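What follows is a set of structures to go through.
You will see chain A twice below: alongside chain B first, and alongside chain C after that.
Coming up: the complex of A and B.
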């Protein structure tokens, strides 16, 4: 009789075991489905590449490139044709508006509170959104960006601090909205 | 008298069912990892990022063996040349006739002939004319 009892108990245990297995399977299915339903967010890397390209475009070996400054004046032409000069093409058929923004502010090292020259490309409104992300940690899903600083000299050895901000939106392709 | 050891049929069935369960689970995890949409998305983004970082006259190779295997099964070997396309500044990875994912790059370059080989794809980044 005790043999019968133990066999019955083991059957009941087997049923519970399979119930646990089914629950584990449902859990794994839910986790994997959730994980793969989210797109891979590559905007941080994209913003980094954009910032590096912009830095390479205005400075070579720590010296301002030709055409950016002549004499004591920065060139307006460089400012106006920034995208073309740096080889940026921000058009994207998936979106109506430009999804990128890159801005470089130049400061004289002697007075860091005053911008002496500025160049930018793309959609400036993403710059504003990125500032809000930085300050309040909101809208992180809307834009991703990066901020970098570097020192550069002109041909007369005047020193400047350049601050690059690059922002990428493309949220429809990189986050689940 | 010594008792002879016996293998209970219930135990065998129990072990077999557990193995079947584990196999199904592993196959499910592997199949989701190599899904068409996921592969198209990740490779289109990877290629776009590499093009963004490239200087003109760069020749690069990217291993997309898993995507090629999926394309062979679902679209046929004749269409392997069509799985990676660059049109304008848009990279498209397409592993079946009806699917496809695109991602844009901002670098103003021209893309030469794209060659899909056994395990990967060769892409030639050239200066804009």
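Coming up: the complex of A and C.
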């Protein structure tokens, strides 16, 4: 009789072991999936790379690139075909809307409050969102960006100052919304 | 008979306590993994992996400015002040 009881107990015990094994497996799975479900936000770096590429596109060795300015006038053609001229391709199959924005404002050294020329590529609405992020950190998760300033001269040694703003959205891939 | 029953209760209690300990430690580790991911541990690891690369390439714009100064040095104070003003805003 006691032998029968012992057999029953051993049966219950093996079921219990299976339950514990499953529980531990679920726990390990939960740990790994929780850890890896948090995406790494690389948009700040992406924005920096984009800004640097844009700077390279307009300034070479400290001088404005050919085709950006002829004589005293900045080229409208450069403005209209900025993406093409700089080799930017903002299309992304994962999104309907363009997820990038880059803008360069040029100022004359004598009047720093007046933009003399401007070029931009990508989706301008992210520029507005980025400005709001700078004022208050409300939309930080939506866009990330960077702002850089540099000095450049044209072939006739006229001095200009440039401000680059580059913004990356791609929040679905970089943050948990 | 009484001793056998006591032993049985003792053994059952041991298993119950063991189960509770296992569940509690698993819960702790899941919570810890969550905290680790949320607290930017991955981001920090990523930054460390690329610590040799300066992604916040202010150096790039500085180099461009320096190169432009080799062409024309006039208004340098005004130019540098304007560039520095942006950094002050960021800080």
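Methods note: the second predicted complex is superposed on the first by the 142 of 177 C-alpha atoms of A that agree within 3 Å, B and C clash if a C-alpha of one lies under 4 Å from a C-alpha of the other, contacts with A are read in each partner's own complex, and residues count from 1 in each chain.
Keep this in mind: contacts are C-beta pairs under 8 Å (C-beta built on N, C-alpha and C of every residue); 3 or more make two chains touch, one makes a residue touch a chain.
Quick caveat, the model's predicted, so the values are computed rather than measured.
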Contacts of A:100 with chain B and chain C, given as first, second, both or neither: first
Which partner, chain B or chain C, touches more chain A residues: C
Partner chain(s) touched by A:91 [first = chain B, second = chain C, both, neither]: first
Which of chain B and chain C A:21 touches, first, second, both or neither: first
Which of chain B and chain C A:40 touches, first, second, both or neither: both
Partner chain(s) touched by A:159 [first = chain B, second = chain C, both, neither]: second
Which of chain B and chain C A:120 touches, first, second, both or neither: neither
Contact residues common to both interfaces of chain A (with chain B and with chain C): 32, 36, 40, 42, 45, 49, 52
Interface residues, chain C side, partner chain A - complex: 15, 19, 22-23, 26-27, 29-30, 33-34, 36-38, 42-43, 46, 55-58, 60-62, 64-72, 74-75, 78-79, 82-83, 86, 90
Touching residues on chain B, where the partner in the complex is chain A: 10, 14, 17-18, 21, 24-25, 28-29, 32-33, 35, 38, 41-42, 45, 49, 52-53, 88-90, 102-104, 106-109, 128
Residues of chain A touching chain B in the complex: 10-11, 14, 18, 21, 25, 28-29, 32-33, 36, 39-40, 42, 45-46, 49-50, 52-53, 87-94, 100, 173
Of all residues in chain A, those that touch chain C in their complex: 16, 20, 23-24, 27, 30-32, 34-38, 40-42, 44-45, 48-49, 51-52, 55, 59, 61-63, 109, 112, 146-153, 157, 159, 161, 163-164
